[in-house]
Amino acid sequence: MSKKTFEQSLKQLEQIVEELESGELPLEKAVKKFEDGIKLSRSCSSKLDEIERKITILLKDQADDVVEKPFISD
Amino acid sequence: MNHRNDSKLQQIYQVSELTANIKSLLEEKFSIIWITGEISNFSKPVSGHYYFSLKDRHAQINAVMFRGQNRRLNFIPENGMQITALGRISIYEPRGTYQLIIEHLEPKGIGALQIAFEQLKEKLSQEGLFDHSFKKPIPFLPQKICIITSPTGAVVHDIIKIATRRFPNLYIQILPVSVQGDHAEKEIADAIAFMNSTLDSDVAILARGGGSIEDLWAFNTESVARAIFSSNIPVISAVGHETDFTISDFVADLRAPTPSAAAELVLPVKMDLLHKIESKKKQLEIFIKQCREQKRYQALELSNRLINPKKTAEDFRLKIDDLCNQMVKTLSYHVKHKFEQLALQKKCLYSTRFHDQVKRNKEILEQNHFNSLKSIDFYITKNRFNLLETTGKMNALNPIAILERGYSITRKITDKKIIKDSETVSIGENLEIILAKGILNCNVEGKSSHVKKDI
Amino acid sequence: MSKKTFEQSLKQLEQIVEELESGELPLEKAVKKFEDGIKLSRSCSSKLDEIERKITILLKDQADDVVEKPFISD
Amino acid sequence: MSKKTFEQSLKQLEQIVEELESGELPLEKAVKKFEDGIKLSRSCSSKLDEIERKITILLKDQADDVVEKPFISD
Amino acid sequence: MSKKTFEQSLKQLEQIVEELESGELPLEKAVKKFEDGIKLSRSCSSKLDEIERKITILLKDQADDVVEKPFISD
Amino acid sequence: MSKKTFEQSLKQLEQIVEELESGELPLEKAVKKFEDGIKLSRSCSSKLDEIERKITILLKDQADDVVEKPFISD
Amino acid sequence: MSKKTFEQSLKQLEQIVEELESGELPLEKAVKKFEDGIKLSRSCSSKLDEIERKITILLKDQADDVVEKPFISD
């Protein structure tokens, strides 16, 4: 996941959706796809969460500091 | 003009020079002479002097007899009168004329005594006994006076009286002599000699009252004349009256007309002298006081004019004060001006746009901050929306949804492999059956390879 | 940062904001940019604060001076 | 400063004020200039104060000397 | 000062005043001139004091003399 | 002074008076001249006093003499 | 002085008066002259009184010696 960008993940998720929509997938594959899709979605979601958290921290630091300037870098 | 008969250079006289020479020559030579002649051209102007000529058969000479002298004559001369005169030659330079100044005059016809007198007089005169050069000065204030005269008679008393009146404190010694008679000549001569040898008189008066030529004869003798001449003490001859002339008169150092006159001639008036001294002293005093006052005045005046430099010093003081005040004023102004300049610059410095710059930058910074927040928010929102949408779509396509319709899925428990063919399982194998709701764990008890198509 | 002038930092911040505003950045890049932006902004801000403090101090000293030593004596 | 005359310092102060008013200086430079300006103004002030003190002392001495003639300064 | 005459000192003082009044002197120089001027004025003043004292003594002696030896005698 | 005659002193005093009256002397010189003048004037004065005393004594002796030695002795 | 006759002294006194009256003498010389004059006047006065009043007649006695006897005049 770490190698893929958020956009790539989202794209993949959309492809899965398209494949599923086509209805041509055997069940097992579909389930597999669907499971992949779920994972992707969950991953994207958590990325966004993570980003939001990060921003929050950034802004929080910003707000605090200015005094101590503890800068979180990752 | 060739008057150079000898080798000597002839002197050229000025007229006055020559006349002066002639005058001194003649007047010296003929200082006292007796002359006889006939009077002619007699005149007597208002002045009272007698003017006339004396002549003989071959010559004539002008003569004058002044009033002072002619008053003593007991007769008035007239033209044609034969006279014998005593006088001297005088030169009147302005006219180059000469004339006789007559002192005494008498009608001709003199006696034997007169001749003897004349002869002796001529002789002594020739010898120079009458010469002025031999005449000794009479001391101004004789301390001791010797009177050679007769102790009896008025003469001595007259002299003493007059002398004492003139000068009260006097030392008068009287040498008594006979003044007529046989012993007179010797006594007088001896007295003069005695006086010179013994006494220290300052002056002597040889005196006798008036008388005939015979009475006065002792004073016309040669021994008396020589005694007088050889006297070291000045001798005043005071014999007879004013008109009586004796040899003594001629040879004496001074002739007094009368004995009384001798006292006057020989002594100053003491009071006059004292007055004179006093007056001189007074003059001295006045003068020195004037001199001193004048000098004092000069010194005082100059001292008063001395300018005290204090005034100048005070002026300078004021000037220095002025300059200092000016200096202070100027510098104060200068400093104040600098203060103002500085204050202005300070004010400008504080009010520069520099403050705005900070404020503006702050605003820009805030704006950017705000924009970046907005942007990032946008990013997150957009992506979250996309994700949600896509996830939703996917959820709608969930293959497990068919179970709701009664289908189930059988899987091996071990590898979760969905079983589509009964042949792939063996009896007794445990399988799981996934239902719409829940999962069943089953054991295969039997199997068939056919599927009823009517399910 | 110390080598950059305030103006350079501000310029950079503005560029970042522009890029962010274009909305075309991949998310992670945007977040990175945002983070950079925050840092820049924080740095600029503290620089401004510092300057303001300095000015305040300078003016305060000056004011003290003024009180103790009045310019015009008369 | 000690080498500079009062007039030179004042001139310099004027230049700083002009530069600051032009508004074209980068912020840090402006701050530096402002600081220099403050220092210059302070230095000028103290120089003037010193001069005033000196004059006062001189005049006081003068006054002491000349007890009878006070110095009028206005 | 001892070598200079009073008039020379005064002249110098006048020159200083003129120079000050020209207003063209730099402040420090002006103050130096002022100091010189004050010193000159003081020196001149004390010279005047000395002179006045001398005169007073002279005149006092004079007065004493006068008492002992009156000028005017009659 | 003892070597100078009264007239010389007076002449000198006159010269001093003239010099002072010319008003062209520098102050110090004027003071010196004034001093010399005062001394000269004093010296003249005392010389005159001395002379006066001398005159008085001379005249007094004279008067005494007169008393002791009357003019008329008899 | 004793060597001088009254006449000489008087003459000298007169000369002194003349000299003084010529008015050209310096003060000291004038005073000296005055002194001399006063002395001379005194000397003259006393000289007048020096002589003792004495009127005698010189007579020869029997031994032919000359004897001085008072002479009474009326």
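As written, the chains take the letters A, B, C, D, E, F and G, and residue 1 is the first residue of each chain.
To be clear about the criterion, contacts are C-beta pairs under 8 Å (C-beta built on N, C-alpha and C of every residue); 3 or more make two chains touch, one makes a residue touch a chain.
Keep in mind that what you see is a predicted model, and the values were worked out from it rather than measured.
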Cα superposition of subunit E on its sequence copy subunit F - rotation in ° rounded to nearest 5: 10
Most distant chain from subunit C by Cα centroid: G
Among all chain pairs, the one with the most C-beta contacts: B-G
Subunit B and subunit G: spacing of chain centres that average the CA atoms, whole Å: 42
Computed distance of Cα centres, subunit F from subunit B, in Å: 13
Subunit E and subunit G, separation of their C-alpha mean positions in angstrom: 69
Averaged-CA centre spacing for the pair subunit D and subunit B, given as whole angstrom: 64
Multi-chain contact sites of subunit C, meaning residues that touch two or more partners: 6, 27, 31, 34, 38, 41, 45, 51, 55, 59, 62, 71
Multi-chain contact residues (two or more partners), subunit B: 168-169, 274, 281, 288, 292, 295-296, 303, 308-309, 313, 316, 324, 331, 335, 338-339, 342, 346, 358, 361, 376, 380, 383
Which chain pairs touch, all of them: A-B, A-C, B-C, B-D, B-E, B-F, B-G, C-D, D-E, E-F, F-G
In the complex with subunit B, residue positions of subunit C that touch it: 6, 10, 13-14, 16-17, 20-21, 23, 25, 27, 30-31, 33-34, 37-38, 41, 44-45, 48, 51-52, 55, 59, 62, 71-72, 74
Complex interface listing, subunit B residues touching subunit C: 336, 339-340, 342-343, 346, 350, 355, 358, 361-362, 364-365, 368-369, 371-372, 374-376, 378-380, 382-383
Of subunit A, residues touching subunit C in the complex: 5-7, 47, 51, 54-55, 58-59, 62, 65-66, 69, 71
Contact footprint of subunit D on subunit E as seen in their complex: 26-28, 31, 34-35, 38, 41-42, 45-46
Of all residues in subunit B, those that touch subunit F in their complex: 168-169, 274, 281, 285, 288-289, 292, 295-296, 298-299, 302-303, 305-309, 312-313, 316
